[in-house]
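Presented sequentially are two complexes of chain A, the first with chain B as partner and the second with chain C.
Coming up: the complex of A and B.
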């Protein structure tokens, strides 16, 4: 890999330092002689996986991936403001509903996505009831499209409807923008497929109180640097996907003075502060579009085998590569090995869902598990398990992040840039942690857990690379 | 059904952690449902939804921990709640294995690594070795069965990058005093040695050490390096390195005869070398070479050692090893105990080089020897398991090591063969080798000890005497304790030599008049 290319010293006049790949007996005898040695628990690559170095057309994959990594890490996502989806998201009509993951028709949508669509249509007053909304959805009058086709991302069902307020994130280095809704909180919420009066009431409050308060504050305060905020949150116990407590606190700390100056109604201001403060995942809807904004400039680099998208719609899991940015490779979404809220069990769980794996794609989230020992229960319970989880992901990533680091690993950069080639060579699939939605529409969150990305879409992507 | 709960005041836990605790508690036998949560208003509502109420719950604060259990019996509730402290800690100890699965991962941990040691199956070697070279690491490749084409590509790439590929099929190297693979504990000194064979290098370095000298570097090149397909890429690099190395005063090369073209290039290179070179090409005829002033040609490792030592101007001794008078006497005495039908020698070797060198020495004495790894293809055994007349078997050959440990690591196959040979009434002599050092069996003599006693006993019962001759390759510093190994052999009635060449010479003496 790129970072190890410096000239090595002569074996004959320098002490040797050994990497032992295979039998540990050999390393044991070296250790007895005081030689620094590290063991690699090598495993054979899956059968028939060649090392791809160049595309058929002759492009160097190494060079392409180097450029991809450079662009992703050079990105500086900033919150520049908020607006309604229909005003800012390109290609968003009054009858467009955006969803998480790869493209999908109403007929194949999973329960929680359907529930969220139904809830959103009622919220938009396009339907009077969830039942009417389902009918409307099936009629073909509603355009369903992935968030990712519109520079947007959405957690869980990831539903964005036209009148929802969205964050506007701008990559200051490249000028591209990304969008995401505001986080509703946990439990019975739209993104987990819930609908009903509580859900609509909260969404309306968000549009009527939260959104204008934040928007006014941003007009006054100017942009907030999200790359710096994510970097800090990683040093405070977040991995910015399933733990966002530090990020949320940092955001609140940064925006509160401007809100206090621009919001004249003290009660409204208090409600907004309480809402953000009580929602540990408020920052997720900022870390996600930040990741999206960082990844998009790498789209279209010829020969690059690094992922720019990894997303699920609750039915399918999909990936896209920088070298072929519009093509989805999909496979059935996996079953989450979960920890469940009281009263729920694995029988209630919908398969893997949401765009939030954009965080892992950008080099944090579950890949930075080592930074977030508080949620180590996802990966086995101990702080060591959290470290191991991150160590494993280094093996499938192209490089280590220049700006995001992990204190407990002596500030080593996070694993950055999932390389389809490394996934195939090592047989190690990306490890994802995620919330779990109830499989039926209208219920909401039932737990959280962990799973691997499905192998099939990586196999297909790898085959496609061979023909580039 | 029974319900119970406890409230821990001001004990804050992250909700994900608590979900883990909840999972562990719910796995207890007889538990119907558990809830482990902080007492937020929302969570209290949740508890009410599943039927858990109480005044204490109403007054609990968001920083209080609530653990509720619904179980088949009150006993289960008590047990689960009683074990709560354990559950809050319960993170089992795990066995530490290497968490690193790829070379790149190893590099991240040891960015200054300059050598990768590979012992993985041959078919995967190219790919991993390639990555190591790309990352600027030299290689020690123990793995065998690497296609020659791949070996050449690796070695050419390495030469371009000024890196070294020791192997594939490389058993031994000593770099700056550090033994890699099968190697002994050897003093540092003025002698540099190059060779494709692990046991050849071990024998040379041990003898140098045992003679009171030392080794600068011993560079294993892999068994195919001197073939014309590879052309000695590593050997030439090693020669350059030893020539440039200020510590090295004399350079030795120990090998089977190289490919013809490679040999010509080697000889040309030797002539240009600024340091004295001693060559030992086992099995080659000395008269086929023409050397210059600085070149010494030998045909046994022992002679190479003697010649090398003479180059540093110390201890002038005989050019060729020979048996002492006492040793010749001992041979006659041993022979006298044989039964009339006892005539043949059987050699069972752990070290391939020892099998080869012994064939050469016996051959020079005019004794025809069969082998599974013959010097002369004419004498190849049809079935390696069936000895014929004088037979020397390389027990480290693939036939004996496929799916089984090498005889240097485990004595099982040799033990069995010792027994079957001693049942053959025509057998008079067993020739064995014992190799000490890192990675070899920790008690090589001990592993064969009972078999040796039993074999001798069996032949004695038939009215004869089995003469067992052995060599030990090792130093007093080796972990196996050379003295102890040697004493064990002598106690078992074995005639012991510190060199394989001498042991083979002794066998010639034994067989001379048979």
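Coming up: the complex of A and C.
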């Protein structure tokens, strides 16, 4: 597997894809002839950006990033079981609510995050109504904390409340664990900011029926290898962020025999399987903590400019680097260009939200769009757009994944390890695909689409690197 | 959906793919730049072949083919249940053995077909040993008949004996039914010509445990829509002939809830799910009879030059046309170029065998290779080869499928309806992918690969059309 710097020097020995800069007419004519063309949102820095090779303190950035990439790709995330959040997530009290993205106070929270918090507090019976929950949230009696500060991740609003069941993912290579709730499905669901009786009823069924059935099966079946499952799903049209149909199928295939052996009530077993079968996004809440579990062992490698976190709370977009793992660099969350559900439009959309960009950070999700051409129907765009996305992301990644590959590119590894230096040098920002939540609390999902990470947090991170 | 003739007149208004004829250097240089290039095994007919438009009796071939394509694509194959072959397959006696491909006597049968017949007769307790079974087969007391003469299809040797359980597939649009055995898995299995205790034990378990468990579930669940499932699988990296991982996953997702409700023995349920889960080819024995059920309603359309059957018995390759559905045109079965399992080589390979080319006949399988780039690892070749295969097959097909599509081609329909006229005019022969059986009885699978249908049967069929 060639490192990024080797790839660059070998450029002209390799099959050529046209990267078109500026001359749109030229790229259009090539594209009509079927030549792969990448249009880059190119803004050459005014005076050019010299490659940073060492920190002030003398650490080799290249060596640090090599080690970061090695640790991330050596990770072997496995599902080892399930438990309630308060029992297993470190530092979680009965009045802690975890949320997606960088830290944020109640006052600055966006509509869907507020809605999900309000719903969670009613679900936890800490408040009797959404209104009472809003009051409680503003009172200072609830501790709000990012999932990422607790080895956890959450899609969209990313709310984890104490009595919610969570997946326990263990990185078998390094021993660290990551956590995520179980996926509720699409539409009017808590993670998109919805609340109300339907939402609570589903969450209670998940805690009372789904969770114990799955937990009993895992006690019998032992761990399930998620790295292998993600690798397979990438060969079956998923990118494991916005498309999880294959992953959900493979997960069901793997766990159903143990569920059959441990669940004596056939009707209950059937309902659990149906719930998973009816929700092709069920695997998202496994691919996300798998990514988190793979990335954490790289935190704290001195001099590493590779991202270990990229996350949004619906107000701010934040990144963290392996070389300075506790520091967030933030910028306003972006606007998603997407496809909307009937009855909704861009006017209803909340800005970009959720921890699910942990998938792109780990080298799949939007970075593996070339593996998932069918996702066009979900986030908009053509099969060629999907290829172009992946080709472009190679330019800002440190290496190609050793375990995740793309069949249409003859099993080339996915772009892996977003290097802040390459983002700055090329002017190419990470491209993400995501669901879209309604901007008001209590409503839910309105669409899905594509956007880029905001440049400002990369500029700040790059300035920080100069002072390491 | 443009018909073939419309497609041709519009050629130069469409996005261009380079079709390279002869000048290899030119195509290589284009390919290195990422331009899609199709190398065609082109042999222009010496004096050109004029388009046949009407039969001698005055029928419009275009109209006939239009109706054939309409009927095939209107078909809605559904799994309606399972039963024993002798109970449901018309014309099956206690001493009938069905086989793949065109008709053949015991004396001319290839090694794997003989092996599978011998194994089946022992399994049926009609013979005590493979040797006794060979004697019985040669005695004339067994009726050998093609699956295709009984609305059935069988992969590889394609043996169906009276007490084997079979899938019942009903075309909900036309009411016709098709039949196929349950898939045994890969390796040392009956359909690859293997026999012996392991083979019989597996077949008995399938009849005693797998079959009744599935049958009970179908009685409760009602029909499962196979056209929708194949369409989905094509969006998940299967071509539903040599790659059936997605199809097998989707089938399991669909049937497991009903199995949970009808199978009270958890251990037995677990074993059934595990058997299916461990065999990614399980869905092949559903995609094949689905294709058969879709094709049969087109049989007997006067003047139609589209194939309704393409099948091999390991000795002969045979085709049948919608316009003359009972007549076989045959040629010697071809040699497969492929990848071999450890310990085997091309010297061990039997010629091309099996009814599984019914998938290509119905517009998927090898014709949808572009949907299944990951199959490269199974039959050899690159992702570009997979694209080229599909591009080439558009040239000999009457239309593009309305229900089966390819995400990487922006959901273009698969090439559908092999028109004997176009095969003759272009010199392009249908390209197939297939498993490879050992040439000797009793051994089993040795590899998988790619080949083209033999030209001779198309030449004969074309001559026959001229006399219609």
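Definition applied: the second predicted complex is superposed on the first by the 416 of 468 C-alpha atoms of A that agree within 3 Å, B and C clash if a C-alpha of one lies under 4 Å from a C-alpha of the other, contacts with A are read in each partner's own complex, and residues count from 1 in each chain.
As a convention for this text, contacts are C-beta pairs under 8 Å (C-beta built on N, C-alpha and C of every residue); 3 or more make two chains touch, one makes a residue touch a chain.
Worth saying up front: this structure is predicted, and the values here are computed from it rather than measured.
Student: Taking the superposition on A as described, I'd like to know which of chain B and chain C A:447 touches: first, second, both or neither.
Tutor: Once the two structures are laid over each other on A, A:447 reaches chain B alone.
Student: Based on the superposed arrangement, let me know which partner A:382 touches: chain B (first), chain C (second), both, or neither?
Tutor: Once the two structures are laid over each other on A, A:382 reaches both partners.
Student: Going by the touch definition up top, name the partner, chain B or chain C, that contacts more of chain A.
Tutor: B
Student: Now for A:343: first (chain B), second (chain C), both, or neither, which partner does it touch?
Tutor: It touches chain B, and chain C stays clear.
Student: Between chain B (first) and chain C (second), which, if any, makes contact with A:217: first, second, both or neither?
Tutor: neither
Student: Would you sort A:374 into first (chain B), second (chain C), both or neither based on which partner it touches?
Tutor: Once the two structures are laid over each other on A, A:374 reaches both partners.
Student: After lining up the shared chain so the two structures overlap, which partner does A:426 touch, if you call chain B first and chain C second: first, second, both or neither?
Tutor: A:426: touches chain B, not chain C.
Student: Under the stated touch criterion, which partner chain does A:408 make contact with: chain B (first), chain C (second), both, or neither?
Tutor: second
Student: In the superposed arrangement, which partner chain does A:52 touch: chain B (first), chain C (second), both, or neither?
Tutor: A:52 sits against neither chain B nor chain C.
Student: Looking at A:258, would you say it contacts chain B, chain C, both, or neither? Reply first, second, both or neither.
Tutor: second
Student: Where on chain A do the contacts from chain B and from chain C line up?
Tutor: Residues common to the chain A contacts of chain C and of chain B are 15-18, 32-33, 35-36, 374, 376-377, 382, 384, listed in rising order.
Student: In their complex, what parts of chain A are in touch with chain B?
Tutor: Answer in residue numbers: 1, 4-9, 11-23, 25-27, 29-30, 32-33, 35-36, 38-45, 51, 187, 242-243, 339-343, 374-378, 381-382, 384-385, 387-388, 391-392, 394-395, 400, 412, 426, 428, 447-448.
Student: Which stretch or stretches of chain C touch chain A in the complex?
Tutor: 15-18, 32-36, 232, 235-237, 245-246, 249-250, 252-254, 256-258, 260-264, 266-267, 269-271, 273-274, 277, 373-374, 376-377, 382-384, 407-411
Student: Quick check: in the complex, which residue numbers of chain B touch chain A?
Tutor: Those in contact with chain A are residues 14, 16-17, 19-23, 33-35, 37, 42, 46-47, 49-50, 68, 91, 94, 97-121, 124, 127-128, 130, 132, 135-138, 142-143, 163-164, 175-181, 183, 217, 241, 245, 438-439.
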